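To keep things clear, I will list the structure first and then write my remarks on it.
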Amino acid sequence: MGVRTREEYIEGLRQHKPNVYMEGEKIENIVDHPAFQVGLNSAAVTFEQANHPDYRDLARVWSPLVNEEVSRWTYLMQDEQDALAKVKLNRGLNDFLCPCHYRCLTSDLLHASWAVSYEIDRNHNTSYHQNVIEIVKQAQKNDWIIGGGLVSPKGDRSKGPDEQTDPDMYLHVVKKNADGIVVRGAKAHGTAAPYTDMLCVVEFQLLPDYCVGFFTPVDAEGITLICRAPHAPTEPKDMDNPLSSRFGGHVEAMMVFDDVFVPWERVFMCGETESIVTFGSILSASHMWHKCLCRWINMDLSIGATALIADYNSVENAPHIFDALSEMAMDAEIVNACAVAAAVEGSKHESGVYYPKMSPVATGKVYAAKKLGEHRYHMQDVAGGLVGTMALEKDYRSPVVGKYLEKYYQGREGVPTEDRVRAFKLIEDLTASEFAGWYHVMCITGGSPSKTLKDMVAMEGDFEGRKERAKLAAKIEKQ
Amino acid sequence: MGVRTREEYIEGLRQHKPNVYMEGEKIENIVDHPAFQVGLNSAAVTFEQANHPDYRDLARVWSPLVNEEVSRWTYLMQDEQDALAKVKLNRGLNDFLCPCHYRCLTSDLLHASWAVSYEIDRNHNTSYHQNVIEIVKQAQKNDWIIGGGLVSPKGDRSKGPDEQTDPDMYLHVVKKNADGIVVRGAKAHGTAAPYTDMLCVVEFQLLPDYCVGFFTPVDAEGITLICRAPHAPTEPKDMDNPLSSRFGGHVEAMMVFDDVFVPWERVFMCGETESIVTFGSILSASHMWHKCLCRWINMDLSIGATALIADYNSVENAPHIFDALSEMAMDAEIVNACAVAAAVEGSKHESGVYYPKMSPVATGKVYAAKKLGEHRYHMQDVAGGLVGTMALEKDYRSPVVGKYLEKYYQGREGVPTEDRVRAFKLIEDLTASEFAGWYHVMCITGGSPSKTLKDMVAMEGDFEGRKERAKLAAKIEKQ
Amino acid sequence: MGVRTREEYIEGLRQHKPNVYMEGEKIENIVDHPAFQVGLNSAAVTFEQANHPDYRDLARVWSPLVNEEVSRWTYLMQDEQDALAKVKLNRGLNDFLCPCHYRCLTSDLLHASWAVSYEIDRNHNTSYHQNVIEIVKQAQKNDWIIGGGLVSPKGDRSKGPDEQTDPDMYLHVVKKNADGIVVRGAKAHGTAAPYTDMLCVVEFQLLPDYCVGFFTPVDAEGITLICRAPHAPTEPKDMDNPLSSRFGGHVEAMMVFDDVFVPWERVFMCGETESIVTFGSILSASHMWHKCLCRWINMDLSIGATALIADYNSVENAPHIFDALSEMAMDAEIVNACAVAAAVEGSKHESGVYYPKMSPVATGKVYAAKKLGEHRYHMQDVAGGLVGTMALEKDYRSPVVGKYLEKYYQGREGVPTEDRVRAFKLIEDLTASEFAGWYHVMCITGGSPSKTLKDMVAMEGDFEGRKERAKLAAKIEKQ
Amino acid sequence: MGVRTREEYIEGLRQHKPNVYMEGEKIENIVDHPAFQVGLNSAAVTFEQANHPDYRDLARVWSPLVNEEVSRWTYLMQDEQDALAKVKLNRGLNDFLCPCHYRCLTSDLLHASWAVSYEIDRNHNTSYHQNVIEIVKQAQKNDWIIGGGLVSPKGDRSKGPDEQTDPDMYLHVVKKNADGIVVRGAKAHGTAAPYTDMLCVVEFQLLPDYCVGFFTPVDAEGITLICRAPHAPTEPKDMDNPLSSRFGGHVEAMMVFDDVFVPWERVFMCGETESIVTFGSILSASHMWHKCLCRWINMDLSIGATALIADYNSVENAPHIFDALSEMAMDAEIVNACAVAAAVEGSKHESGVYYPKMSPVATGKVYAAKKLGEHRYHMQDVAGGLVGTMALEKDYRSPVVGKYLEKYYQGREGVPTEDRVRAFKLIEDLTASEFAGWYHVMCITGGSPSKTLKDMVAMEGDFEGRKERAKLAAKIEKQ
């Protein structure tokens, strides 16, 4: 079962009993709850790809660790060829239309925890790495989705974890004993958390109690998930929200950890503060890399939708519209190029895993975030105002007024009116729906704020080496 | 009653019986229908301003035409001082929070129809201008909101009105007799149409039958409005959608004209194709001018929301955040400057009305459209991911999980958690809600696509005069 | 003589004996020195405009102070009509081709010193204002150009004036007695200083000795000007540098003040540190306003040159070229709008002078600086590579190879090859010459670095008021 | 001699007697002429790299064709590993400070002519490919620099080659016989042509006579080069122009072909118009790839110079300056990423050569062109106005005024004034010198205008495939 089907994934979820609340109500069965369907569809996409004839070979790879074929999403990359294969695989998800499959974090977290535990063991004679090996084996054998608990609420951002009025603003260890540790705090932005197979929770502050990393089942005692339905219709809206009513984002969760016990065999970091750099940089590089590729998928679809509506409006060859399409295509090239370069210029960690280079993908992620508004501008500008004013499907189907819409929404000769209506609705879904709002947030602030990413690029920017070359050019002698 | 109250406006609407459909249902009473409340609130804002002590004087002006004090929105501007007063009045609507009051069109249409009818009469010995004078008088005396029917569906955009498979793709005159004319066709983007006091419908193509302008009550026989609820909650969402559940946009309507009769005394153009330039340019200049000012209001609020969340997050003085605020403030200066320059550099039409210059406001409108994405980027980047992941009010009020949110959503010391939650919700409302989607469409494509506006700037760009100066600089002799 | 001719200006300069060095040589007679001709031409432009029939009326204004007609450049503005007239006058300098006439500072400095001296007198019972009145009278009667000594070298920018290793890094008062003061230090960026009629030197730091303002003849004892020829040919280059060999920038000077004595009747500030805000803000607002207008002139010429070469290359109607022209025209609209808005929204100082609002012109100046690179991009992109590879005039005139150039540099039929060559040379002059380099510096850093200007916009940005409106929108109650 | 030294290259040039004119004079000996030294230095850089211990191994590669070690610049790439090695080699030229080594074209032209001749032979039973093989062998054995003659003057750009008044506006074949062909016309932009070892001249229009490709010695009878000295000082200007007086650009030439005879054994295309796509696309992809890498080098130096002056001004840690550095570093990442992605995603031609993918590098080249202005803005904004106003070396060395400059140009404590002066001069050289002007032209229009490159990206943009995915997302059924 190194590669699951969508059905096996869903069935697996039935075994968990997470403590989930939504709009003030307790949800006992998320798998069959209407508000979870869109999220489940989205999360299931990588399983579908792995079972699709076109992607089967690319999606699976032999893992010596478990001696069987596993999903590329649970596999640990060894070299740049692995990284380039991953680029292709991720890009191929454009055929599955899913704006956010969430599987990236599974990969990010396994690589980062593998490396950091190896380093800590070497420096501290601990035995965390074996814990991670066991988790990786299970993840590979069972084709897990691993959820991330990474961002604490932080309270007053001008203060450190130990300066807050309430010490729980950052998740921390409140007790340790021979069996394990007890943690308290919360993790915001728990996207998709309720329907993952395992959580990986990390706090990486420079204070020992606030430096901890562990795996935990999502239904461990003391964990409460306060959820919000996806920013997408929870009922079928085939015409009005053709994309988001199927794949429109995820359930979001605020995850509260109210004195949760974690046995030592699931811990991989606990107080070794010097290690957070390794963990953070591998996690970020890997996550930004996936962000670039997912943004490429979105750009790919945005370009397609723009070209389609231009065609249906009979203006595809207007020079300013062709120019808009070209600009969008160039942006897609840049974001892809950043991902490819990061794959080629990555590093091999001493623990054996290979990970992409940070600065190209930090750049690509910021670039994509900045371009999102521009792409939406192009899409709407090419389409026209009907993106916001078009009547809804119920009117279109109405025996009384439907005939007017059928008549007046027609576009280029030869294109059925309904197709043109659907193309407009797609653009509304991509640029002006509630889902579009959620996707915007995910692109702008998701993963990391731009400032942090820019700082990372600067850190790898070799300004001192560059100054030396400038001195050479200026004929400034060494002092 | 040259200036009405909100209540008088609403009461007035009860006298109309427009033929309105929404989601396939006929709506008999729009005034009390939940889906219309947000739109009605928005449309009522100019009445509230005119009765507010801070704005009363600025909002009212003596009209010699009716010999009484009237609203500045129905008044016809005579000179640049009138235009500068209008700039201040419009900008003052920021105190009323309304993203789109829709009153601009009343002013745009009255100025444009006044001028065009004057010109046609002079050229054709017609007597349209008196019709417009009568309409203006009524509009002033009764403080009307006039709705616009301006954009035909257009069908295949690569073809002219008479090349379409269906001749109704552009609204046109199908019959004329001594009493009046009969028109057929449709008008898309009928924002707020159901709750206006009078419609002004215009087709301005270069073919006589497709060149017509008239006023008509919205409940004239043969008019059907196929409506869509505002892209905003129709139930109170005080916390979750603090702005849009009050002022979040308008009902949109596709207006169908199924052989509608218009008596001659409401017609001001009918076949005089050479006049469409005058009508179009005054209408556009005026409308783009108002667009600039309304975008300034939105920028003003966006800057405030960004500064507020920065404050509540305790990062207001972080240099990159201060920089974002400065950039936004500079954009607001530019958009305002374009409106002011257009007011000062406007023209007096021979018919007596004064109107703003096109090129500054066409520029300002395109600039604002292009910057919208950037402002949303800044707002979310400064706020952080909770914009998209924060739980809803029902959870916040829940006796079970509310305490967790109260604890974990706290920010800067001294700021009540609820205030911070509300600030996040405002930013979500402004950048990531369905309303935000609608507002995006209105900014990008509303009024005119950017290409058209750029062409207008180029038209006023005096490229020939500029070439002459270049020749002088290049020492090229006149041939 | 309230308005001089070019000749009178030049003749006046012969009366001064400034201590001028250039490339290590002492220059005794600058008026006839080849390296000064381009600068003199540029500085003389406002005199030519004032004597030109098209501008005569606009350029002159009655001054009650001296009871005669004076130049608008020495006149003190009283209200927004004066400011709007100045906008027109400055914009009209596009007919005189001069990229930098330098006369702006005369106006900036007179307004600022007038206001600050008035304020200091009122607060300190000093009698500076009378000194300024006398200077203004002389400036008006004699139609002076006043040079500015504003920017000290600053040494280590992380330290204040009194923390520097060398106390002279900022100009300061080293002695005071009954007759006057003695100052020491230097002023960088003394553009055009050698050929001005009077200098106005100011240091505005928060330490009494480093807070001083005075007028001084440029040939006062102790002043040394270390000059640099304009970044332009000092020989006639009619074809190769058609613009810059006539009006290409100014002589730049480092001005050294080696214990220079200034009598009290030329001092207007000396130690009253609280006044630097008034001086600085009027000076900056006025200077940025002029910067906007001069950048508009440059944009005007750049647009003309681009349209001209497009015409000569026979590609003027290619959509992407028309688009470039439209974009440039929109930028020119924005910069002009900022200047107009600042004129209309300015303030009247209690001393009687009117000055423009800071934030629109600070915005406009930064906008123009950021767009300069884009305009050069458009100009070259439209023209093509010959901008950088075209042979020189000597080859074009050569009896041996000239025929080849005449043949192969031809463009659109009907355009003489030489005209096309000249158009290319103009674009080279504007974008790729040494003069273009100097102009770039003047646009980017001249006046003020962008950061300072952005801070000024933020200062006027009313963030607190804007937050209040955001609270209203978010339904946050006042605490 | 598969790899030459700088001296061997220069010595080789003495064997040629090209017909060179400059400023109307015939130049007999270019090798020792002052106006050619900067260009020769620049062209010699790849030889220096190949003999430098740090780059020796990377710069040389075994060529089976000649059975010896040859320069990577004459070597034909076989796969993506070759391409990645070339990326590193080119990027390493940053250590040699040269803004344009010109060697790229050697590689571009050899790959493109190799492929196109192979294709033509297969389709037409010609024997061009053997001619190219011989040229490649000689180029490899003798480590040639090959110059390009690619761009005809074009005359009236709205007309084709055969519609021009003068048929020579595009280079063409005027005679063919058993021995060879005779060509007439001209090639603009002959950068560095006088000091190359061989020219490769191509016309690729769709008319048989205007479709020709051949190699020719630069001193063949009938070729006249009308040259222009580099836009850089031809005298040593160590301090004032520290970079450009050493490596500042190239001699530019208009190359006239006045009935030049080319023997068949140097021809590789003659009338086979369908082949120009292959030639053009390999040439362009390869050339844009090198352009990206050279722009990366320039960005690298610009970042260094900016960081250096920030350091010397004592403002390196000011947030807005750090931000500028980060932005520049991100741009460098993007341009590099485009080159790396093109190397990895390239294609193997049936003739055996491997070449990079077009769309990433076309994108990267346009991106770099658009960013050039912004980088210059940052450099000057960080440095300050002294970039344009600083006195010259002669003043600095002057016994009279030098002491003032030494005193007043000091910056951060511990930095010798002269070093700071040199850093400013470097920034002037990079942003505001005549050389900076030339470099600007080369970046903006060099290689290809942006419009052409955008069209190429659109051509590879798979808009049809993207529309299909949009249909899937919109639930539009296949018709």
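When the chains are written out, they are named A, B, C and D in that same order, and each has its own residue count from 1.
By definition in this document, a contact is a pair of C-beta atoms (placed from the backbone, for glycine too) under 8 Å apart; a residue touches a chain by one contact, two chains touch by 3 or more.
These figures come from a predicted structure and were not determined experimentally.
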For chain A and chain C, chains touching each
B, D
Return the chain whose centre of C-alpha atoms lies at maximal distance from the corresponding centre of chain C.
A
Chain centres from averaged Cα atoms put chain B and chain D apart, in whole Å, by 52
Distance in whole angstrom between the CA centres of chain B and chain C is 41
Determine the centre-to-centre distance between chain C and chain D, using the mean Cα coordinates as centres, and give it in whole Å.
38
Quick one: which residues in chain A touch 2 or more of the other chains?
320, 323
Among line, ring, star, complete and other, the chain contact graph is complete
Residue ranges of chain C touching chain A (in the complex, touch as defined):
319-320, 323
In their shared complex, at which residues does chain A touch chain D?
84, 94-95, 97, 238-239, 242-243, 300-301, 303-305, 307-308, 311, 322-323, 325-327, 329-330, 333-334, 336-338, 340-342, 344-345, 359-360, 362-364, 366-367, 416, 419, 422-423, 425-426, 454-455, 457-458, 461, 463, 465-476, 479
Of chain B, residues touching chain A in the complex:
21-24, 26, 151, 153, 155-159, 165-166, 168-169, 186, 188-191, 224, 226-228, 231, 252-254, 256, 313-315, 320, 369-370, 372-374, 376-377, 380-381, 383-392, 394-395, 397-398, 400-401, 404-405, 407-413, 428, 431-434, 436-438, 440-442, 444-446, 449-451
